[in-house]
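For reference, the structure I am asking about is given below.
For clarity, chains are labelled A, B, C and D in written order, and residue numbers in each chain start from 1.
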Amino acid sequence: MATLIRNGTLLTATDRYEADVSIEDGVIRNIGRDLPVAPEDEVIDATGRWVLPGAVDVHTHLDMPFMGTVSADDFFTGTRAAAAGGTTTVVDFAIAPRHGDYEQTLDAWHARAEGKAVIDYGFHMGVTWFGTPEAETGLRRCVARGVTSFKCFMAYKGTLSIDDGEMFGLLALSRDLGATVSVHAENGSIVEALVARHRAAGHTDPVWHARSRPSTLEGEATSRAIVIARQAGAPLYIVHLTCAEALEAVRRARAAGQEVHAETCPQYLMFTDEVYERPDFEGAKWVMSPPIRPAGHPEALWAGLADGTLEVVATDHCPFQFATQKVMGKHDFSLIPNGAPGVGDRMAVLYHYGVKTGRIDVHRWIDTCSTRPARLFGLHPQKGTLAVGSDGDVVVFDPKATFTFGTAWSEHAVDYSLYEGMPGSGAFDVVLSRGQVVWERGTFRGRAGAGRFLHRFPGRTPFPE
Amino acid sequence: MATLIRNGTLLTATDRYEADVSIEDGVIRNIGRDLPVAPEDEVIDATGRWVLPGAVDVHTHLDMPFMGTVSADDFFTGTRAAAAGGTTTVVDFAIAPRHGDYEQTLDAWHARAEGKAVIDYGFHMGVTWFGTPEAETGLRRCVARGVTSFKCFMAYKGTLSIDDGEMFGLLALSRDLGATVSVHAENGSIVEALVARHRAAGHTDPVWHARSRPSTLEGEATSRAIVIARQAGAPLYIVHLTCAEALEAVRRARAAGQEVHAETCPQYLMFTDEVYERPDFEGAKWVMSPPIRPAGHPEALWAGLADGTLEVVATDHCPFQFATQKVMGKHDFSLIPNGAPGVGDRMAVLYHYGVKTGRIDVHRWIDTCSTRPARLFGLHPQKGTLAVGSDGDVVVFDPKATFTFGTAWSEHAVDYSLYEGMPGSGAFDVVLSRGQVVWERGTFRGRAGAGRFLHRFPGRTPFPE
Amino acid sequence: MATLIRNGTLLTATDRYEADVSIEDGVIRNIGRDLPVAPEDEVIDATGRWVLPGAVDVHTHLDMPFMGTVSADDFFTGTRAAAAGGTTTVVDFAIAPRHGDYEQTLDAWHARAEGKAVIDYGFHMGVTWFGTPEAETGLRRCVARGVTSFKCFMAYKGTLSIDDGEMFGLLALSRDLGATVSVHAENGSIVEALVARHRAAGHTDPVWHARSRPSTLEGEATSRAIVIARQAGAPLYIVHLTCAEALEAVRRARAAGQEVHAETCPQYLMFTDEVYERPDFEGAKWVMSPPIRPAGHPEALWAGLADGTLEVVATDHCPFQFATQKVMGKHDFSLIPNGAPGVGDRMAVLYHYGVKTGRIDVHRWIDTCSTRPARLFGLHPQKGTLAVGSDGDVVVFDPKATFTFGTAWSEHAVDYSLYEGMPGSGAFDVVLSRGQVVWERGTFRGRAGAGRFLHRFPGRTPFPE
Amino acid sequence: MATLIRNGTLLTATDRYEADVSIEDGVIRNIGRDLPVAPEDEVIDATGRWVLPGAVDVHTHLDMPFMGTVSADDFFTGTRAAAAGGTTTVVDFAIAPRHGDYEQTLDAWHARAEGKAVIDYGFHMGVTWFGTPEAETGLRRCVARGVTSFKCFMAYKGTLSIDDGEMFGLLALSRDLGATVSVHAENGSIVEALVARHRAAGHTDPVWHARSRPSTLEGEATSRAIVIARQAGAPLYIVHLTCAEALEAVRRARAAGQEVHAETCPQYLMFTDEVYERPDFEGAKWVMSPPIRPAGHPEALWAGLADGTLEVVATDHCPFQFATQKVMGKHDFSLIPNGAPGVGDRMAVLYHYGVKTGRIDVHRWIDTCSTRPARLFGLHPQKGTLAVGSDGDVVVFDPKATFTFGTAWSEHAVDYSLYEGMPGSGAFDVVLSRGQVVWERGTFRGRAGAGRFLHRFPGRTPFPE
């Protein structure tokens, strides 16, 4: 029995053409004109619609303990919301406590995901300490267990951050292991000093979160991380890049022939820091790190997407309930849990505000949201494209539909949306994960636990070798 | 009857996977696993080999009158050599004489190509005058006849060049017509002054060609063209970019959100200006405009290919016999016909010196040599990719073969090769044009006149619309 | 008999100290504490005030025929106004008509100045044609007659401008002669195209003057001039630099070790292009080329003054009566005479809005308005500083006085001021030219014809040699 | 009784003129033509020679404990050598041990200098810890005692360095106190990692010192310091800048309007890292931090001096005997005491290799070596210029003399010279400190203890206020 998607317009990072797609055993078997249909086949009519690869979100924080609470979406609600928004793969961050055992951390995250995820998933390991044989052994075990990407923090001094020398060591080890290092680039030491200064001055509102983390501090840390990676001879991946300074640092490094990759998130493209001025503690909804930036930065980011400096759009999905969690920082901005929902919004936001406005074309949309992240994190060609042999992660998309963003539209298990009331377009009519329909015209048809862990393999293997 | 290419590894600008490809009526009909074979089908076994889209060269000068002589390859020998090197589409330059009729020029180029070309071809129109109703009418007629790209020259003062105001007008008109403007960016006024100065000083050797055209003059003209295009609100395409200064100008414009595209050529990636010091007038082989650059520039160009600033690799194929044509400038560098062969070398040079050295990956190779030029000049998805519905322009490529570059290897009708004696790898085992085998294991199996004119359509139509 | 200035605070580009100054035979003879006084000496008490070198304005257009009229200040009213504002030297532009004789042009300007100037003056020669033996001979004669600086125009296509090749030739000749080339850097070809486009669209208001000359066109021309000067191996001086793009081009050239100098004018530091929106044709008062720039550019210029990229502040003083001359372009912005008054305002504007606001310090004020221009144009140490042996061009300045800018304050012979109604501070209590009091507490005490022509000598002689 | 210097050519940062100078009570009283001579006056004939302000070296380490030994020049030999080379003021670094008392440190340095110095001197305080009330109190006391400049280290991790947050705090405090912060900008954390890596690999030669401290790490730290200073709203002074990356960071900051100052040293202008390849451990002579840089960097620094980005040339004079001190690191590059002699060489090196080659003019020489450092550290106009009221620190310099650099020429108490055998020119014929001859034609005529401590005053007082 096969699944046959007929008469759609296939779109990939490169191509656009009309064809049928057949999926067997969860894998794309055939792409062609007028493919034959067997009686037992499930046929999906895509006439007048687009057929896209299921999208890949390489930056989520599901069910994550943070700042004294836990992010609001677990692996069931979070992956379900992802699928509803056209995303069929997530790579989530397992984050070890300082001096915590890396393998045990990985076990804990497996326990969080198993039996819950409705789409396939992988893990990055958050590296919060380094420099001892125990740390190195733990990270080598992670790689052996299919976790080939590490993340380190230059922010969150005193809890998550490692210092420059540790980052250098991690990069050098990762290069030898064929693993990739991601970095959260903000100068945590100065952030801490500014937070202290602002708190001492009696400032409590959410806007002071942003004022404690100016873009120059992200630009600085990004530049520094690039220099350290160059010394270590290792590739580098910058997560959630938000500002012109950091963007330019990446661009210059690439122009000099260094391998640096960068990701941004929809919220940094869509908002300016005026959101923090909203009354009634509303600004807290946008409290995340790095924060939303002043006018000018979003334009720079759009240009960076168009010129290829920004290769990936992910979400940093990390939702907290406004009513019960964000409010923990009502009287002290530094206690507001950092993070916001987005895993289900990404594809639609980029389509309506990127593709339809002409800022990026459809190919760039698919490349940044699906193909490129899959390739950079060792998931391609299994994920992120439509090709013979790839997993049957497919989205039938209606480009003409319209809707309104908000909690009524998205499937996140959280009580607010960053995009509440904003117009959107496009509909994810049918979403398949390995050939199984997960979502169909507004109805969840998937199954908790159907998602599989994606064991990735080390090795930077620029084909051919 | 179909042609079936079996068991190969398909490569596109995005993907790599194993599949069979079937071609019917000159068009790809099906891509899949274990496609059925009919008895009458022609079957090509691609086991162990790669299946690539036929490459697209958007910068050739076949049978072109220039500097008192005519380029050595006509549309038969030139397109045959292209096919032998894996290229199945060329876009050649029809160049009007100053104040010459644009439609008559187009007629003349059609006459040169018809009955000769063995693969499909298109034309750009070289715009050497502008500003009168006659010029505008002529260019509008070109667009109506399928020539939707114009080229202008900032170099060749007094013969081909137009001035800044004319370029502005051409760009504004082209924007309205949905046509693309390419530019040869060198400051012709200063080049002329330097040539005069060097000749007056008694300098005659080929090296003075290069010294009359320093990279700063290309950087200057490139920056100027970008500013003019911005004023006109028109996209811009820079041909044969050779140097770090021009590259940086393009990068900055793209970072600022301007639509600027740039092409380089293999010779600028492969050589430094030491070639001009070779004895016995050998340097004349590399006399072209812009010239080969000093050390440092090639590295910058490779980085520009890797970071996406350079989107296209074309050839500027314009060969002149060393023994009988280049020698016209034996005693005066300014009389050496400008140009060199390359249409058949490009794919192999980029594979051996780009892909195999790790400077670019296979996807970038295909993108820059095939997919991107096809897209930028309105030929995609008909040309430049492997997708259902695309023309059956396909190359079966053996990545493991090795050979030596030189006149014995290439099929150009000219008595020298820029790459003589240099090692190469890869073999274009079978080359198909619209499903017909044109070249097979060293033997020409095509036919003069089989190539068709590619009528292109105006309109910058960023899908969807 | 000597003139003795007692008890003032002397300020130079480097120093600040308290001392007396004695002047004999028009030249500073002694600087010291408690200098002896002879009965016949004229004593000026400078207690509580500053003693400055008389300022040097190297960019004026007095009594100049332009755009069908003549600038409103002649050498008497213009130099008198200069002196009233603390300026004791001007270098004015003699501008040859296209193909006009350079020596005759110089004769004509001498005739304009002689018997009228109240302070010393020199000439630059405006070079509007080049490339013939006649042109070269004429320019050599200018140098022999004490005019060692040339100016060329990239703007004013068809009347004043020369092309890139001519500029290259002029620079090469000037390098050999030890003369300096200045350039008005705007892309005249594109300006002309934009003017034509805007006029064709029926736009007539002054604001369209600015919209026809966007800053990108100045940035482009500045970059181009720098490249040409580098090729010619000659130093370059950029007049009236107004925008961030041009500033950055100069900064980069200097960082690369090229000798490039740049001047701005007070109006570009003080205003934004909102002035063109003023009702009742008021915007015409600011119609000059280049035009006043959008917000952001002035800040960049102030930073350029502070970091030394901008070495000179001159005025481009070229006044036209609002009521009778500016009005010529009432119905066509392209007919408004380009230019504005400023020779008498410069020192006061820079003091109030630069020094007192902390943007520059007093030394930079003196350096940019006096010492540096004198040095760059071969007038130092005779002019532009307070040193033993220098001309007794001295200003006794009261830093605490306040006033209101406007026609009632300035001495220009024109019916408007750019700064009408704006607050100012400082008073030029006594102004001496070669030891003679020219201006004293609001009263003119000079004499028409007292000013002498400053014969300058060729040779870039970086001391020592 | 006065000292009269007659008939010389006076040179300052701005001016050049012929005059006599009279000094009374240690202070310049009169500058003029044909000054009267009293019988008791000491007359120095400067005919045919230049009269310069005594130079100011704001970066010395005399008698300093470091890396298990003590620098070879004490305040007697060091200041005597300074005077012999035309320098009449030094500002030396008092460096507190980590958590050491700042006032006691200052006491210790006073004890080192008193009774020994032959010229005037000041102190900077090296800040190696911060963040406690004790630290702040100590620094406030330093300011009260005339030490208004602090230095911190981003290098020397674990001993001298402070972290980013501490630097931010120091800058904020200094801004409030009117003190200046200097920074040694290298990323100590990565240096430490590279040193460990190289040592672990068995590398022992001096060249590995340089390889452990690549220029990118200085560029990174410089950029970071600039960002931190911007956040703190404080001016910043970069000591011993050596490389193109750091230079460009400073240039960009200044272009953006930030107050950043930078100093380089003669050795970074004069040598490339080939010195580390010299046999017989010779490379150890150039072991200092930052190290000598690869080719290209010196050219960038010369351009930075010419364009004003580099405002100061100091020496970082910190000599160690080759035979007995440098040799401590014979078998381990990390144990070689960091530092080299230079206080007596600076003026002559810059004259011969800067002024005479045309890279800088005489005014820039005096400005960078005397006037600007004096102004930036609160010593001007007392020191660093020739003006009425300034201290009588004067040098009579013969610009035509020639000599050979080396230990036989310089007066340093150390057994090697960086410039051994290199040609030089100029002679410091007579050197006066506050009117007293300290050095005369090769003979020391000064007195240990004649030098006075220069009590400096806080407050950034851009005149006027």
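Keep in mind that, in the parts below, contacts are C-beta pairs under 8 Å (C-beta built on N, C-alpha and C of every residue); 3 or more make two chains touch, one makes a residue touch a chain.
Given the structure is predicted, the values throughout are model-derived calculations rather than measurements.
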Requested in this report: Would you identify the chain whose Cα-based centre sits farthest away from the centre of chain B?
Outcome: D
Query raised in the report: With chain centres defined as C-alpha means, what is the inter-centre distance between chain A and chain B in Å?
Result: 38
Report summary line: Here the gap between chain A and chain D, centre to centre from mean Cα coordinates and rounded to Å, is 51
Requested in this report: Give me the residues of chain D that touch two or more other chains.
Outcome: none
Query raised in the report: Got a list of which chains touch which?
Result: A-B, A-D, B-C, C-D
Query - Sites on chain D touched by chain A in the complex - result: 157, 163-165, 168-169, 187, 189-190, 192-194, 214, 216-217, 219-220, 223-224, 227-228, 230-231
Query - Of all residues in chain D, those that touch chain C in their complex - result: 10, 12-19, 22, 29-33, 35, 248, 251, 254-257, 299, 302-304, 306-309, 355, 358, 361-362, 367, 371, 381, 385, 387-390, 399, 462-464
